[in-house]
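In the two complexes that follow, chain A is the common piece, with chain B as its partner first and chain C second.
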Partner chain A sequence: MVLQMLVQIPLLALAGWWLAPLLTRRIVDTFSTWNRSGISGILLASLVAVVWMLPRALDAALETSWVALAKFTSVPLLVGMPLAISWPRAGFVVRGVWLVEAIAMAFRLGWLYTVSPARLCSNYLLGDQRQTGKVMLAIGVAACLLLAWKLVWGHNRIERVR
Partner chain B sequence: MASLTMYPEDERLSGGNRAAFNLYIVTAVILFVLMMLVGLTMRMTQARWLDVPPDLFYELLSMHGAGMVGTMSLATTAVMWFFLRKYVHLHLWAFLANYVLFLLGALCIIVSIFVYGYGALWTFLYPLPVHGVGMWTADSSALFMLGYLLIGVGSLLFYLDAAAAIIKVHGNLGRALGLQWLFGGKIDPDHPKAVVASTMVIIANSLGILAGAVVLVMSLVNIFYPQVVLNALVAKNLIYWFGHMYINATIYMGVIAIYELLPRYTGKPYPISRPFLWSWAVSTVFVVVVFPHHLLMDFAQPRWLAIMGQIVSWGAGFPVFLVTAYGALTNIYRSNIRWTMPSRLMILSMFGWAAGIVPAILDGTIRINSVMHNTQWVPGHFHFYILLGVLAMALSLMFHEIGSRAHAAPDSRADRLGFPVYLIGGLIFVFGFLDGGRVSVPRRMAEHLQAWTFSDRIGSIGAILVVLAMLYFAIRITVGLLKPPSPSWAPEPVPGPIPEPVPSPLVSPAPSPGVVGVGTTNAAG
Partner chain C sequence: MSVLRTLLASLLILAAGIAVLAATTDGFRAFTSETARRIDVREHPRVLPPVPLQTAQGRIIDFPALRGRWLLVDFIYTRCMTFCSVQGTEFGQLQRRLARPIEAGRVVLVSVSFDPSRDGVAQLAAYQQRSGDRGTGWLAVRPTNPSDLDTLMRVFGVTAIRDGLGGYVHNAAIAVVDPHGRLVAITDWDAPREAEHYVLRGQVQ
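Let's turn to the complex of A and B:
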């Protein structure tokens, strides 16, 4: 469970991020009018990511080949890539809201996975689920500390956003 | 350094800024009066002068707790915004988004309480919200929590915008707090105290809101999927992390008014110093970890957390309080301060903060806490420094601002009567609670024994005076704010050469427009 949720899916998103520079300027510009301050792109990425947070979707991706295909294409193309395009356009507030929500989500899911009496995915055992929960709690704490350190002591440059 | 000019140009409100500030303040004073009436109803019920049924009492208590905490945050956010915008560029949309989300959140809370009967109090302690035993449903609790989420998102937007603006000017939050000067170096005398205090609030309250975002959603999960059972102690820790921080932050937002306004009324500069920076730095850390003092009676709480709660309680409020109170007293000493409403309220707030801290520190001591915590001692201590401390800070800015519109620091005969009514009423009211605590009257009880009613009745009389004074203040402030801006400030900046800044004019014999000495005749009264 840890491997699929917290390693494979983030790596797929990272692959999409790295693919973004391959898009031509024209394609990026076409979408930019609908992506002011990167909000639409970040929203798209978040909504698609929500699907891959559902235990049911994770199960299906292991059991059904077309769902697996959907995961391998949608995560890079609809999560990583839009994030890569939109993040630089997003201002401090948009990024801040997204990061706070992401950290809160790590804590919530971590908590949920460690206390849920039932197995949420039929492909993973309860122990696996609890392990994933603990890792998510650790990720939440680490992200919090990192962000706090960056804001309090780091070098931050805030520019006008497009 | 804070300006000595009574009404400096860079504070002038016009257009959207003025409308937004008026919205905040008028909404806040109306809500204060309404919530105080709710409080008075409860106090008179405890005194057995009114006969409110217990289920309605708990609805009123939920409304009063959530409503007062939210309104206090709304009012002090306006204080922070009013001064911080002079030093960094804040966006009006963020300030307004906070207001709109606050109203939407308040609507959810009001509907959940008065339409669907929610009565699990402002602390929504798990698992009470899902155990309404027929008085309220889990859905109404969900609506109440949704209201909190909306209010929290609004605050977060405002803080993020403020953080962005501060970082843009100062590079990072550490420099804004002045950490670079803690151990040496020449402190920039123009480093604004408003920036230091706002930075502390942004750091502490954002962490609190994060804790709230986690526990609120988890409580919602529990409401809709009761199979997911939460650890009640973890939930309580997170709830107090969020709730305590949220109300505590109001002091640190409100105190900005003292730093900015006091020197104008005393005519003496109020310079920034190393102890000041140290106190805010230490409090930034302490305020984040002080909340366990709400859980000293929870025997299952790890021992080290309880001990930390006690030690940090003794230290958390003290540094900022001591430095502020000492700074304020030295600022007033031999200053020839002129007593008008803003200056009176500022000094009252210092007293309320100082005196309210004493019962708070006592209650933060484990030995005392195990006897006093569930008694009326607790509402006694927090009403002390909220009513006579924080609210007085916010009111001082409101009166100052209506002074700027009327060209004179407010000091009418009615003001001079309203102030002592508020002060004396407030003291009687809080001592009613503290005396209840002394004789072990439990808090949060809809029905009181006959033997307890002496302090309830005294408290009710004090509360009536407070409500009357606040009603007067609310009308005075609303009318004052809705007046058109003073003629000199009315038009938008005229094209052409920028006027020279007006020289410091505390008591100017012939006051220049917009720069009114405190000694000028009172046109507002």
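Let's turn to the complex of A and C:
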């Protein structure tokens, strides 16, 4: 469970992020008027990511081949790639809101997975689920610390909203 | 201009996102596959396949042969040492409480083994005996070939995974089959009253 949720899916998104520079300038420029401050792209990536956080979707990706195919295509193309294009355009507020929400999501899901007495996925053991929860809580804490460190000591590299 | 375009694009993405989420969760009702299978069964009753099943007495039967009666079906493996071992006792108790409708030939309990390679006729008989079987109205059965097992597990929506200790973890539940041979409901394995209620209420109608 840790492998699918916290390794495979993030790596698929990362693959999409790395694919983004292959898009031609023209495509990116056409979309850019529709993607001020990267808001549309970040919204798209977030909503698709939410779908792949549902326990039901994780189960279905293991049981049904077309759902697995949907995962392997949608996560790189609709999560990683839009994020890569949109994140550099996002201003301080957009990035801040997104990061706080992402951290809150890690804590919420981590807490749910750690305390739930019922198995949320039919394909994983309860022990796997608890472990996934703990890893998510750890990710939340690490992201908080990293963010706090960056805010206090990091260089303010965030450019003004375009 | 780009503000309005971005707003429009975002609203469209949001609407599409909500539509996709609604579709993948059966209208925000099912976030787990277990809930999804219960909703699906309730809304689209499934006809059971006529696969041959061997009983603990060695007879061969199938689901269509049991039509005309309500069936309460659970999936088991007789070696279970954890909570699923209680499933047998639950069925033993259900058999006692439903003695009258069973007597009248209106209800049959069926335990299907999803581990037929290890659960032979003898293991099934021993399972029933130690669960307090009273002798009538409870069939413990095993599918006789592996592809039939796959079919049954797919129709009933049963998932069994290895627990790493030589046993299985499975989404134990009680499946309710109506007299037309259709799977109409799935209830919690530890709430036999609910399953019982279905059967008794169904009889009144």
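One rule holds for everything that comes next: the second predicted complex is superposed on the first by the 162 of 162 C-alpha atoms of A that agree within 3 Å, B and C clash if a C-alpha of one lies under 4 Å from a C-alpha of the other, contacts with A are read in each partner's own complex, and residues count from 1 in each chain.
In this section, a contact is a pair of C-beta atoms (placed from the backbone, for glycine too) under 8 Å apart; a residue touches a chain by one contact, two chains touch by 3 or more.
The shown structure was predicted, so the numbers you read here are calculated from the model rather than taken from an experiment.
Once the two complexes are laid over each other on the shared chain, residue contacts for A:Leu112 go to chain B alone; chain C is not touched. Applying the stated contact rule after C-alpha superposition, one finds that A:Leu43 touches chain C and leaves chain B untouched. Once the two complexes are laid over each other on the shared chain, residue contacts for A:Leu151 go to chain B alone; chain C is not touched. Of the two partner chains, chain C is the only one touched by A:Val51; chain B is not. In the superposition on chain A, A:Tyr124 makes contact with chain C only, while chain B stays out of contact range. Touch criterion met: A:Val100 reaches chain B, while chain C stays clear of it. Shared contact residues on chain A (touching chain B in one structure, chain C in the other): none found.
Against chain B, in their complex, chain A makes its touches with residues 91-93, 96-97, 100-101, 103-104, 107-108, 111-112, 115-118, 144, 148, 151-156, 158. Against chain A, in their complex, chain C makes its touches with residues 1-3, 5-6, 8-10, 13-14, 16-17, 20-21, 24-25, 30-36, 159, 161, 163-164, 169, 171.
Residues of chain A touching chain C in their complex: 32-37, 39-40, 43-44, 47-48, 50-51, 54-57, 59-60, 63, 119-126.
Of all residues in chain B, those touching chain A in their complex are 94, 153, 156-157, 160-161, 163-164, 167-168, 171-174, 177, 179, 203, 206-207, 209-210, 213-214, 217-218, 221, 227-231, 234.
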